[in-house]
Amino acid sequence: MSIKTPIVILNFKTYLESSGENAFNLAKALESVATESGITMAAAPQSADIYRIRQETDIPILAQHIDPITPGGHTGSNLLECLCESGIDGTLLNHSEKRMNLADIDEIVKATKEKNIFSVVCTNNIETSVAAAILDPQFVAVEPPELIGSGIPVSQAEPEVVEGTVARVKEVNNKTKVLCGAGISTGDDVKAAMDLGASGVLLASGIILADNPKEALFDLISKI
Amino acid sequence: MSIKTPIVILNFKTYLESSGENAFNLAKALESVATESGITMAAAPQSADIYRIRQETDIPILAQHIDPITPGGHTGSNLLECLCESGIDGTLLNHSEKRMNLADIDEIVKATKEKNIFSVVCTNNIETSVAAAILDPQFVAVEPPELIGSGIPVSQAEPEVVEGTVARVKEVNNKTKVLCGAGISTGDDVKAAMDLGASGVLLASGIILADNPKEALFDLISKI
Amino acid sequence: MSIKTPIVILNFKTYLESSGENAFNLAKALESVATESGITMAAAPQSADIYRIRQETDIPILAQHIDPITPGGHTGSNLLECLCESGIDGTLLNHSEKRMNLADIDEIVKATKEKNIFSVVCTNNIETSVAAAILDPQFVAVEPPELIGSGIPVSQAEPEVVEGTVARVKEVNNKTKVLCGAGISTGDDVKAAMDLGASGVLLASGIILADNPKEALFDLISKI
Amino acid sequence: MSIKTPIVILNFKTYLESSGENAFNLAKALESVATESGITMAAAPQSADIYRIRQETDIPILAQHIDPITPGGHTGSNLLECLCESGIDGTLLNHSEKRMNLADIDEIVKATKEKNIFSVVCTNNIETSVAAAILDPQFVAVEPPELIGSGIPVSQAEPEVVEGTVARVKEVNNKTKVLCGAGISTGDDVKAAMDLGASGVLLASGIILADNPKEALFDLISKI
């Protein structure tokens, strides 16, 4: 599946502010900003919230993780086929809070293609971003771990990481686009990221915990 | 929360036959057998299927697992609060396909009590069942791993495990009830389990993969 | 194997100060304090340091962990039989930095008995200590996680945890002895622990990182 | 550190036949074959056996795994610095029996360079081999998991995997050499591997469980 960029992906993580009813409202906020702005705004809620959000919104929905299993006896895991039926359009993979081994990333990226959903492989530096790009996901999202949740945007604190990732990923796979995450929360952060060559951003607490998430989302895309 | 026994809990695992639309239909079959028989029939679907099943059935729903986390940054995990809002009444914990460490079982059993949902700690022999009972869940479900998915019922192959678990659990905690799993698929298996002192059964593939799951469920409870 | 109590077990963890040559010297210090005082002083070094320490000291040596495997294809794991041949007399299990699932603790405690080595199951509170005691190890070592490495001794900050663990473990298994860990570093801490009924202590950074570990060890046992 | 190729690496895994005294004897056999043939023969024993083998042989020794930690509180883990002091010259990483996540492989490959030891990243197909090569280890060892321990040599069953890996790794990193593993046990298998461009082989049970490992080793290198 192809997806229009620039893209803003909001990782709901497991905050109370983005669980259940709150997750639903946050997805509605994303939808309304997307409609008004024309920018692609995607939600990555917990598994248990996907179905409900799918029933009532039109934005792209991502799983936060897919377990490297095939159908069968895997109690407590999240099966690709089940998540697809719940309504996902794509998935995050290998987030710093849910790292996957190399063989499993490869396996699940291949499986997502068969299901025609897109994948965003999270990485922590230039080298792992290039390695991930070899596996041919639609996106890599580079997030220096020390900046996650820090409020210090990677696009300003370590611009060379974003720029270097964009340049070196293109050398090995010019179909994989680069997002950047970690510390992004304002329109200036997003603009800086895109000026460095990123095709969008992956963010979380900066929006989820904002006093007014919808306003924060509008600010976020104000300079694209 | 207290729950009427005997109880039949169907672990949906991650079979295609019990995912998405199929999960929904299986839950409806459980509900219809429960209504007709008066026996408590509970469903343990994947996280992504909980909300939908909750919207349209009245049977008890269990999560298959709850991650030992508190609200916050835990991408790809399943938060207790989110699962509760989706509609669970209880949860499996420590299934042989999703073992948990001792401290985490303790933590989540305690957390389920605060949320007023019930917990079923899966175990593999008498000793671990007694150890789990110390943590005071509503149920332990003893399943010798070599019999899981074997079609050989624990209640007939190793009756001393069920009987011993019932007796020794009662010594340390007379509030925790014992279920038995592993290889259970017929009414005779269930009757044998209950004659040994079990308060119900935990089952999976024997029903999920049956040609006619609803018929298999009726057979299952025919001798209670 | 039976082991004389009171016992002081020094967990070498993975500090540079307790690796390689430094591990060897620390074991020699333990031996010299044990010889002079008559108190049992045991070392729990990294796997790679066990053989060398065994060749040149007579103190009890524990592994820090044993993987729940049987001989075969388990690259990168630590096999009980290999550790025994290297010279261990016992093992820590389920340390807060290497938690194990309940079934695996049970399996390895049973396996250590066949090999005639002793086991110390680490736990985090009264409930998990009692649950672990059901599995019949020689020792449980209760360590409230918030106090590990804090310099605040559990025997003084949470005496009720040590006392409660001693009392409730005795109810379910009067052969399992209770050690206490977390924050222990002085002779007063040890005395307080033993006054509360502990049969010894498990410690680490307080000694390993001391300016003079040997002196710190002498101080530690000065009030027993 | 540079190491002469072709190289034969024997992964001792956790067999009784390659633990303790048996590990020592196997290492002596490797040494004697290396001396007689001039071929580089390396041993990858369990951590607990490294020190003893180092004391009495001159062959290259690899760890089977290094935990992605820095010095400190990591009970039960294997610290790079400790393994180096025990005498390793290199390490396997990401073996199919001990998969690592992508960020950790990157971190440990970088750390091995600082310690001047070599790294062999195990992979399962062409794509993951190329991704691993991006991280710049000295070797990738490609082992299709379905052939491990099968007795069916990858060099004959799936020659295109070896050839494709050699070709595509060279495109992204011409310093990383390719080994092949999985099912290799005879001189013909090794010759086939090298004809396909491999710089050596990684093997295990085919030699460890042979009636006469030393003879099996001589046969193995007979056609190089």
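Order of writing sets the labels: A, B, C and D. Residues in every chain begin at 1.
Operating definition for what follows: contacts are C-beta pairs under 8 Å (C-beta built on N, C-alpha and C of every residue); 3 or more make two chains touch, one makes a residue touch a chain.
Note that the coordinates shown come from a computational prediction; the quantities given were computed from them, not determined experimentally.
Taking the mean Cα position of each chain as its centre, C sits at the greatest distance from chain A. Chain pairs A-D and A-B differ in how many C-beta pairs are in contact, and the one with more is A-B. Between the CA-based centres of chain B and chain D the separation comes to 44 Å, rounded to the whole angstrom.
Averaged Cα coordinates give chain A a centre that lies 34 Å from the centre of chain B.
Centre to centre, using the average C-alpha position, chain A and chain D are separated by 36 Å.
Touching two or more other chains at once are residues 96 of chain D. Taken together, the chain C residues at the contact with chain D in this complex read 11, 13-16, 19-21, 23, 44, 46-52, 64-65, 69, 71-79, 81-83, 85-86, 92, 95-98, 148-149, 204-205.
Touching chain D in their complex are the following residues of chain A: 94, 96, 99-106, 123-125, 127-128, 130-132, 134-136, 145, 172.
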